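We just call them A, B, C and D in the order they show up, numbering each chain from 1.
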Amino acid sequence: MQRMAGKEPIKVGILGATGTVGQRFITLLSVHPWFTIHALGASSRSAGKVYAAAANWKQITYMPNAVKDMIVHECKPEPFAECAIVFSGLDSDVAGEIESAFRAADLAVFSNAKNYRRDPHVPLIVPLVNPEHLSIIGQQQALHSPPLKKGFIVTNANCSTTAHVIALAALEKAFGPLETLMITTLQAISGAGYPGVPSLDIIDNVVPYISGEEEKIEWETRKILGGMEEMEGQTVSGRPLQQFDMHAQTPLKISAACNRVPVTTGHMINVSLKFSRRPPPSPQQVCEALKAYRSDAQLQGCPSAPLQTITVHDAPDRPQPRMDRAHQDGAGINVGRVRQCPVLDIKFVVLADNVSIGAATSSIINAEYAVLQGVVSS
Amino acid sequence: MQRMAGKEPIKVGILGATGTVGQRFITLLSVHPWFTIHALGASSRSAGKVYAAAANWKQITYMPNAVKDMIVHECKPEPFAECAIVFSGLDSDVAGEIESAFRAADLAVFSNAKNYRRDPHVPLIVPLVNPEHLSIIGQQQALHSPPLKKGFIVTNANCSTTAHVIALAALEKAFGPLETLMITTLQAISGAGYPGVPSLDIIDNVVPYISGEEEKIEWETRKILGGMEEMEGQTVSGRPLQQFDMHAQTPLKISAACNRVPVTTGHMINVSLKFSRRPPPSPQQVCEALKAYRSDAQLQGCPSAPLQTITVHDAPDRPQPRMDRAHQDGAGINVGRVRQCPVLDIKFVVLADNVSIGAATSSIINAEYAVLQGVVSS
Amino acid sequence: MQRMAGKEPIKVGILGATGTVGQRFITLLSVHPWFTIHALGASSRSAGKVYAAAANWKQITYMPNAVKDMIVHECKPEPFAECAIVFSGLDSDVAGEIESAFRAADLAVFSNAKNYRRDPHVPLIVPLVNPEHLSIIGQQQALHSPPLKKGFIVTNANCSTTAHVIALAALEKAFGPLETLMITTLQAISGAGYPGVPSLDIIDNVVPYISGEEEKIEWETRKILGGMEEMEGQTVSGRPLQQFDMHAQTPLKISAACNRVPVTTGHMINVSLKFSRRPPPSPQQVCEALKAYRSDAQLQGCPSAPLQTITVHDAPDRPQPRMDRAHQDGAGINVGRVRQCPVLDIKFVVLADNVSIGAATSSIINAEYAVLQGVVSS
Amino acid sequence: MQRMAGKEPIKVGILGATGTVGQRFITLLSVHPWFTIHALGASSRSAGKVYAAAANWKQITYMPNAVKDMIVHECKPEPFAECAIVFSGLDSDVAGEIESAFRAADLAVFSNAKNYRRDPHVPLIVPLVNPEHLSIIGQQQALHSPPLKKGFIVTNANCSTTAHVIALAALEKAFGPLETLMITTLQAISGAGYPGVPSLDIIDNVVPYISGEEEKIEWETRKILGGMEEMEGQTVSGRPLQQFDMHAQTPLKISAACNRVPVTTGHMINVSLKFSRRPPPSPQQVCEALKAYRSDAQLQGCPSAPLQTITVHDAPDRPQPRMDRAHQDGAGINVGRVRQCPVLDIKFVVLADNVSIGAATSSIINAEYAVLQGVVSS
């Protein structure tokens, strides 16, 4: 990855900087070719301390020297005023108010929190799938009171939604709309943050339940894979209002079942699906479409987008979390066992690094894409 | 459990006695109210040794004193001649020939091996579901050359098939035939025997593949849940030939996806299903039917049948392998999270102890039922 | 275990009833031959609720019906007034005040908490080792202001101290005092309570540190293995004051190193030791002494004392937590690999169930012993 | 790491190339600045196949393209004739004969196998400790029949010996000879190779025994930390015969206890030790000496030697296998919890990556050092 020729580094801030997602943001941004970490925010308990004293560092790579001595701020807009981009790894119990305040202060927020994912004017973007949903930002700014020039909120998806939706996007692009989706997840403990899952609950065990997760997968998938449509007769600033169509042209039935398993990182997902198109593509055609898929984020030159969006495995027992999660620093996804489904059309497994493409990496590619589109003024 | 009043203990033998399933047979049979262990068989490497020297004991309960000094025999019929019942925990690579030889020697074999499960004259019995399939034994004996008086082979099902098929049987009994079944398994390592799964393959990992397992589940489920029908115009000993109908009257579409997870014991299964009947039963009705289900094995008085065939959990995060597998010594199954499926009708999770009702306990209840039916001459 | 002939059940209370140790107390006491659960205490958050609603039950055996509908009280003496014995599974941050208040209300408290272990008038008793230390109770009552008739506090030891100290007691009984002790522990996660150790900290990992644990082991071992001596010229109620001699006659050097490992239950301890006696006993003699050891608690008839205090394993790779922790319901300890130490005299490994003999079971046997000694008025 | 200016790549071969250690050799050597993989050897089962077909690849990084199509040979010297260096990752049951044959064919063998570690003319080298023991090679060649020009065998140590011996070397360098050593290991499953430890033996478990390991640690430590001395009156080729003194000048008492824990990679070792010198150094002095230690391999310019030989951790709960094993690609070691030992002088924990510095990386640095010394003719 190269610095953009002749460009100054773009200043970015990180909210929730001491948490699990915040630490991942720091790890990735400390070596980012475009961005430079300018401000860190956390709870009042951490504010005023240097980062090395405030954070209980839980990453496998060591804490970057660049942040060790940075003073952690409270999550208020002022210290972030110079940041062209603010990444949010906040917990959902505080993300709502804080992100709203940052947007109102005309700051561009790229959030990993769930709070605004269902807002009709906030795009929910998996950067390897639907970065074009960024186009809703103008409307979000125009409808804000008072209207905003630079501030907005962009969200990325739940870690388990992200994993399978990339594969589905590749298939819809090649073969047209999906009609039915059955998903069973085997999710890693890091998806629950830190301290997260107590060890007594998960060693030698499986927990067949993750609160709210199934509903999130079913809802988010439709917003991400769906398009946008004009709302008849409704305008803002003279332009027609847009809304997300939630995959309305081909209603998409989705059933998700979520399980927590004793794996540190890497969500494994069993997918079965049915296409609208009859006859459906063969497993061989599906493999080829998955391998050939290139995200627009990659084509446009986002430096954090993976070279190979979807790695398709031939070995019958791959992908596996421990063996495949670190490939491409977790920025792409892995698919394997593509075969016919006796009930629907096709089944396969997906593996994605839930802390990388499933969280911080998605936010970062979203921001890169926004820079390339000129949505962020750097 | 009580000895049968006024009855002598019934002598039983165990083939594959040093293996994982054999050890479980020994554990259970050493305290059985009806049966007494009379002969042990294993490979020629173990033959001639006392059991304590031959077996690498891997059970959590200690080796029963009664078997420690028993001499292990080769798996040949002679030393088992006095056994009214022979349980087989043999590996499939040797079970075919040995079980056949035992049957030919007029011995009653209850096998956990897969070799004869698809034989059209051998019943595949999950004792809490279809013990009535024992009725094929007469035909199996009559068609043998030369015809047999007492010898036969009865098989029980694969450990993951057993788990869900008990729940399905309860539902078909209450609401009529199923039409569609989607199954995703999270299977314990003990299902692979010993040494089985290398630890490097499964710690902090999931393996989304178990060789042959999906096909077994799809096939065995139909044989077990299906009925029997007369083959027109074909008779043996003057009685019409019977065949398994493989659930033919309502064709049952089944799609299974199998995963190995780092859990010692307890297969967890995510099930979604569709009934023929419209409208389908509600989740509440499904729960009631599962709770109310009583197996014929229990009603007839099989001492190893669980008091509660299906334990339905109300807590949203149960059952779990480590918490629920030992309930009723693993002889029943656990169901939880019964809810509507947005794609099919109903979804839920099943947990079963794969080494108990999923293996040895099933064989033993099958034998108990056969005793009660007079099929075994004790 | 039999009810004591012609005796009424003895009413007992449980403090910290909703916690990990409290749940274990309930599990054990609900089937106890002498004791009946009469009152449950927990934090004000739980008080007023029925137990089934207040507790997040985490035991592998199901919640006993007898407690499901019991109302949970705050931890104040009044509702426990009829209890002849009060077991405390309280956290150390509240145990100090509450246990003191219960004692002041003339209640007999058997505590698993660490708060009073170092009190010079409170006995620290591992019931299979030093129940004779109960004799300090008279002095504890006499020195209380105002003096007590029935109230007192008895503590049991840290879960890792308990494990090895039982083996050491057997060896000191047979061969005289020890002089040097090197201990390295591999401790289970259940030792840290619930939620306890975050799974992200321990899956595929070892944590070579448990706060305060090494110092506790080094200190507690001396108090438990030591004797009592009269304090010259000091009396209470006309009798000479006693003090614990902390193994003073043969100063005992102890070095402990503590590690947390990804095991649910069962502390494994590597011990090396040196006797005062020259020449030291051989490994063979050590094995025999360990096997022969009978605790006074057992000899006096405590129903929860294990039949075999120390199970000595011959297999070179035993004991192991998963295989041996459940033996005798975890009431005894396991020793293996007894061999010469090239630096000290003898080395071996000890395994103990940290939630049974390492916690609740010890408190219960202590109470049983106190009943047999007439210290508790039932 | 840079290619040596103006030098051709040095051709190397790998024996046991399909095994665990062999795969690690391939991973490291495929990106080595000096060496190029020229020939691969494995069992006759693999011979004749391309490597991609022969190997069951179990590394987390993907198989290097450079070896995928290389034909695997039997382990006979001919196809390795052009290799200046042959690395051996052979199992000990075949390493003895094969390595001997390669040496006899005048090939330089750097072996990870245990077979020749105790040979009085073969150096046992932990490259960050005693590379000067390479000087025995001349004698090894001279005593061979017929005498050798280029062939020899160099071994590296057991994976658990390697870990602690590096820390001990640093301490002996700073403070003079050690006198007593107590070691308790918590060893990762990858130390047992593949398939290695069955998962049923280690999930939720600890195995307090590794066959032969304790004796190996006790013996190897003395050979590595010891010096060399002339054997009075014995010469070869006119020069006095050398022998390893096994730390004879200050006899070193060592007691090791070995445990297997459910960790994929990273041996954790609890060390207590006593110096000859009175008074002994303080924990603070020990920390400083560990941090300051530079290996001769690093000073001489071995490209695979770590920049920081020993990383000393300040956090009380570090190092930990999952958090620290990957630091410097596992080429250095980690030390933490340096503190006083109440029995000996000092205690601390060591963590080392058993598959890197504990195995293949050691062999490779040994070879690099030999190249720099001119012992290998490249």
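The criterion applied here is as follows: contacts are C-beta pairs under 8 Å (C-beta built on N, C-alpha and C of every residue); 3 or more make two chains touch, one makes a residue touch a chain.
Labels paired with UniProt names: A, B, C, D = Aspartate-semialdehyde dehydrogenase.
Everything numeric in this text was worked out from a predicted model, so none of it was measured.
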Matching residue numbers in more than half of the contact pairs is the bar here; say which of B-C, B-D or C-D clears it relative to A-B.
-> C-D
So chain C and chain D: same face meeting same face, with over half the numbers shared, or different?
-> same
Taking each chain's mean CA coordinate, chain A and chain C are separated, in whole Å, by 50
Chain A and chain D have mean C-alpha positions lying a whole-number Å distance apart equal to 43
Note the residues in chain A that touch 2 or more other chains, in rising order.
-> 58, 203-204, 262-264, 322-323
For chain A, which residues are in contact with chain C within the complex?
-> 58, 189-190, 194-204, 262-264
Mind pulling up the chain A residues that touch chain D in the complex?
-> 58, 60, 62, 203-204, 264, 322-323, 326-327
Interfacial residue positions of chain A with respect to chain B in the complex = 180-182, 184, 186, 203-209, 211, 218, 253-255, 257, 259, 261-264, 266, 268, 270, 272, 316-323, 336-337, 341-344, 347, 349
